[in-house]
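Each of the two complexes below includes chain A, the first together with chain B, the second together with chain C.
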Partner chain A sequence: MRALSAAMLRELLIFFRYPGWVVSVVVWPVLFPAAYIFLARALAGPDPRAQAAQALGTPDYVGYILIGTLLWMWVNTTLWTIGSALRKEQLGGTLESNWLAPQPRAALLFGAALAHAVVVLWMVAVATAAFTLVYGLKVRAPAESALLFLANVPWVYGLGLLFASLVVWAKEANGMVHAVRSVFLIFCGMSFPVAVMPGWMQAVGRALPLTHGIDALRMAALAGAGWREVAPELAWLLVWGAALSVCGFLAFAFTDRRMRELGTTGTY
Partner chain B sequence: MAMNEASAAIVVHHLRKDFPRRAQGPFWRRRGPTSPFPAVRDVTFEVRPGEIFGLLGPNGAGKSTTIRVIATLLLPTGGRAYVAGYDVVRHPASVRRRLGAVLTGDRSLYWKLTGRENLRYFAALYDVAPARTAGRVESLLGEFGLAEKADELVERYSTGMKQRLAIARSLLADPPVLVLDEPTVGLDPQSALGVRSLIRRIAAEGRTVLITTHYMEEADELCDRVGIIDGGRIVALDTPENLKRSLDRTTVVRLWTTGGDGRLREGLGRVPGVLRVSLREAAEPGRPSEATVTGEGLRRRVAELVAAALAAGAEVERVAIDEPTLEDVFLHLTGRGFDR
Partner chain C sequence: MEGLIASAARELRVVGAVFRQRALTSLRYPVDFVAQTLIGPIAWLVPAYFLGRAFAPAGDAAGMRALTGSGDYVTYLLVGGIVTSFVSSVLWGMGYALKTQMDQGVLEANWLAPASRFSQLVGLSAFNVAYTAAQVVIQLGLASVIFGFHPTGSLALALGFLLPVVLGLYGFGFAFAGVTLLMRDPNTLIDISDFALGLLSGGQFPVAVLPPLILGLALLLPTTYAIDGLRGILMHTHTIAPIGVEFLALSVLAGALLAFGRFAFLRIERFCRERGTIGLR
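This part shows the complex of A and B:
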């Protein structure tokens, strides 16, 4: 536990030593959705809200886009930061000094993930506040929305853990992160309804957890849906969460052992 | 079971470590499995409590591989290793709790944290009680001459300071055993001197220290006992004095020559009593190259050695008759010099 919180504190300290990152976490979530919101306005004709109600199932097209982009950005930053966490420490040389300590090695990675979660929560808070002020967002079922948001934690960080191990073997994160985040960007209905895609793409999209995370949050925050209505989505998220966490953990255990066989903890 | 793994601080018993050979080239052209590369073939030694033990060998001898197995970062292919009686493969957590290690020197620290933050972080990882952490961190900072710069980011430290901080980090949990991989490599002479006297002080506190080095003088001056390692094998193990004494009846004659042809080595080798000749080429053209001749009774054969050099077309700049150094011991055992 102490190792976990120490690792988290360490990551936060380092995070705040890079002003550029700090600023981008505040600015990016507010700016990124604007591209889609303006496109929606341009295409929707004289009454965007009426058009949205027809096409998206809710008049609140702004909220619709904000929820999609926020969740996607979360996945995106997780892939970048947690995904490259092990590799970064391997390159920097601190992986060995951490692993020399009498601590479960996964705890150190979880600590970094926790630090990331803290930053993300902050990002969500800033974004929600900004969206409310700038775009007039109204969240209808706040408690349900918050819990649904958190229901994404297992699969998002499970995926991050899995990525952390894969990146160690692939030696660089860029290619893999770009591939995976593009899949999520296109297939998961971040800024449009999944139903507008061709059939096979819809099938892919429906299988992915992000699609359900976005859907569930839209239902709760925009349409005020209760637990019963979002239950299937929630179940899907948790199943993915369990599966990805197990995969992530196994991949990490395998990587740990393999690195000790190959002697790659300190080399690159 | 091996020797007295309970009473010795570190025991390494017939250690072997094979690495798969790295395939080169684009992945679609890499072939199937090739024969593994033995970085450590057969290493056996034992470090007694409280001593400074040196593993001395040239680059690629297998020093770092050995020390990484001891530090639980590498799984051995064969053999055993124990730290304070604990098997490094079966009880790695117990080993890590008793072992301080500096393997990558300055790279083992977070450069974006200050010295104090680094120590506090690692203190938590080493389960130093929260109430004791501040005191321990401050006393180490003071002891290692880092108190003034404690609140500066490590990236602004000199290499010598980073190395001292790395050693301080390894001592946070007050471990009885310390392993250091080439602790003075890359340091200027002044900082290297500082680090060496630190290591002496650490050992004087009753800790056991294992260092690796490819500096002969360092091993000679610092270590109570030295294991000479070459090609993944221990080729000699004793106190520096005994190692040098093993060449007692041997004399070392050095000749510095310029010019000459390829027959120098051959000519010197034909002088009676000569056991080995090794040549070190001049660092820059025009400077003399150095021939080290070891053998028995060579004091009486100096004239013949000079004659042999002249016969090979060389001009003799200087001749010296020396006490054997550890380098000569290495030369004698392996027939090769240390490439520096």
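This part shows the complex of A and C:
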């Protein structure tokens, strides 16, 4: 536990050492959805709510875009922070010495994950305030929406752990983050209904957890859907959560063993 | 005279060496290269493209036609993307390249080499111009196949219009490289500036839909006129000012930005050397 808290504290100290990172958590939730909101307004013309009701299935095009972009931003920051945590140490030349320290190696990664969770909590609080004050978002089923948001935690962090191990192998964090986040950007209906994509793209989109996370949250927050309506989406999220968490743990254990066997911990 | 030629040749060798070093480094990481050149830019276009398709299934967005004179939202997005690609390239290529050298601990060593630091920066930006131009051509080619790109205006005129825009942006990039030396971790600043510039300049939509206060800010940015003029040339959309006026304003601004960028970089670099902070990260 001491190793875990030390790793978490270190990550938080580094985070607060660079004020730009702190500012970004406040700025991005306001800035990022704006591009799609203004585009929707331009495409729709003089009566955007009526047009949006036809195009997106809800007149609340602002809420529709806010929910999609918030969840995508969460996945994106997870890939950049937890996913790149070990690679950053590798590049900085500290991974090998930390790996040799008499403490559980997993603490390094899980400490980064915990620190990231603290930052995400803050980001969600800021985003909720910004969405309400700047964009006038009204959530129809707040309790269900909050729980559905939390139902994404296992798969998002499972993906982060899996990704962190793969990046240490491939030694190309930037390119891999760009590639993986692009898959979610393209297929998951962040700003549009999945139904407008060609059939094969819809199939890919419906297989990914982010699509179900976004759908479920939109149903609860914008249409006031109850547990019965969102049950299929929730089941997808939980199955993905279990699968990615197990894969994440296994990938980390495997990477740890192979790096030590091959002696490649310190190479980049 | 001979001394001047020898000096110019020496500086050109520095520019060429930095260009080659950046090219080799970029090609050494193929996943990064493919992701950033092929996947990333197309991926960023997809959410906007499908949002357009949701609102305009037949491909002609009535709302956009009323605002701009053209309902071809795909070409509209792609033309905006040409300028925003150069903006991203300048910000990430100039600022982040120095940051990478800082992180790897080689910046101070490179800086101490008997080669002009400004020439090193020119080499960096020359590589960036070539890299981004190749990226834009590949992206437009790919996007034409995937989404359809239908410019109705003169491509040669558009290239002529783009030249002062790119030169001005790289002048801004020199100043930004100086800011990187000062801040040491410019990632967030780069990321936010990149997105905000694209947003305020109407990279994906006509600036007319912005709220009045933000529209006022957008009209102060040269990139707004660059994107607007390029769309006017390639798509015959309504422009904020006559295209000749936009070209003249951008050319004057490009010259001013180049001079300012060089001045700012050299001043900040001297300041950092005096404080001994070049090697810190």
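Please note the rule applied: the second predicted complex is superposed on the first by the 264 of 268 C-alpha atoms of A that agree within 3 Å, B and C clash if a C-alpha of one lies under 4 Å from a C-alpha of the other, contacts with A are read in each partner's own complex, and residues count from 1 in each chain.
Definition applied: contacts are C-beta pairs under 8 Å (C-beta built on N, C-alpha and C of every residue); 3 or more make two chains touch, one makes a residue touch a chain.
The shown structure was predicted, so the numbers you read here are calculated from the model rather than taken from an experiment.
Student: Given the alignment on chain A, is it a clash or a fit between chain B and chain C?
Tutor: fit
Student: State whether chain B or chain C is in contact with more residues of chain A in the superposed arrangement.
Tutor: C
Student: Identify the partner contact of A:V196: answer first if only chain B is touched, second if only chain C is, both if each is, neither if none is.
Tutor: second
Student: Contact-wise, after the overlay, does A:L217 reach chain B, chain C, both or neither (first, second, both, neither)?
Tutor: neither
Student: Looking at A:A44 after the superposition, I want to know if it touches chain B, chain C, both of them or none. Which is it: first, second, both, neither?
Tutor: Touch partner of A:A44: chain C, not chain B.
Student: Based on the superposed arrangement, let me know which partner A:A101 touches: chain B (first), chain C (second), both, or neither?
Tutor: first
Student: If we overlay the two complexes on their shared chain A, which of chain B and chain C does A:V23 touch? Say first, second, both or neither.
Tutor: Touch status of A:V23: second partner only.
Student: Centred on chain A, what angle do chain B and chain C make, from Cα centres, as a multiple of 10°?
Tutor: 80
Student: Given the touch rule stated above, what does A:G92 touch, chain B (first), chain C (second), both, or neither?
Tutor: both
Student: Just to be sure I read the superposition right, which of the two partners does A:V139 touch: chain B = first, chain C = second, or both, or neither?
Tutor: neither
Student: With the two complexes superposed on chain A, say which partner A:G175 touches: chain B (first), chain C (second), both, or neither.
Tutor: Once the two structures are laid over each other on A, A:G175 reaches chain C alone.
Student: Just to confirm the value: shortest Cα separation between chain B and chain C in the superposed three-chain model, in whole Å.
Tutor: 7
Student: Of all the chain A residues, which ones make contact with chain B and with chain C?
Tutor: 18, 92
Student: For chain B, which residues count as touching chain A in their complex?
Tutor: Chain B reaches chain A through residues 17, 19-20, 65, 68, 71-75, 93, 96-97, 99, 101, 103-104, 106-113, 117, 121-122, 124-127, 130, 153, 166, 169.
Student: In the complex, go through chain C and note every residue touching chain A.
Tutor: Touch list, chain C to chain A: 29-36, 39-40, 43-44, 46-48, 50-57, 61-64, 66-67, 73, 103-104, 183, 185-189, 191-192, 195-196, 198-199, 203-206, 208-210.
Student: Applying the document's contact rule, which stretches of chain A touch chain C when the two form their complex?
Tutor: 18, 20-21, 23-24, 27-28, 31-32, 34-36, 38-46, 48, 51-52, 55-56, 91-92, 170, 172, 174-176, 178-179, 181-182, 185-186, 189-193, 196-197
Student: Considering only the defined contacts, which chain A positions touch chain B in the complex?
Tutor: Against chain B, the touching part of chain A is residues 2-3, 5-7, 9-10, 13-14, 17-18, 92-94, 96-103, 108, 257, 260-263, 265-266.
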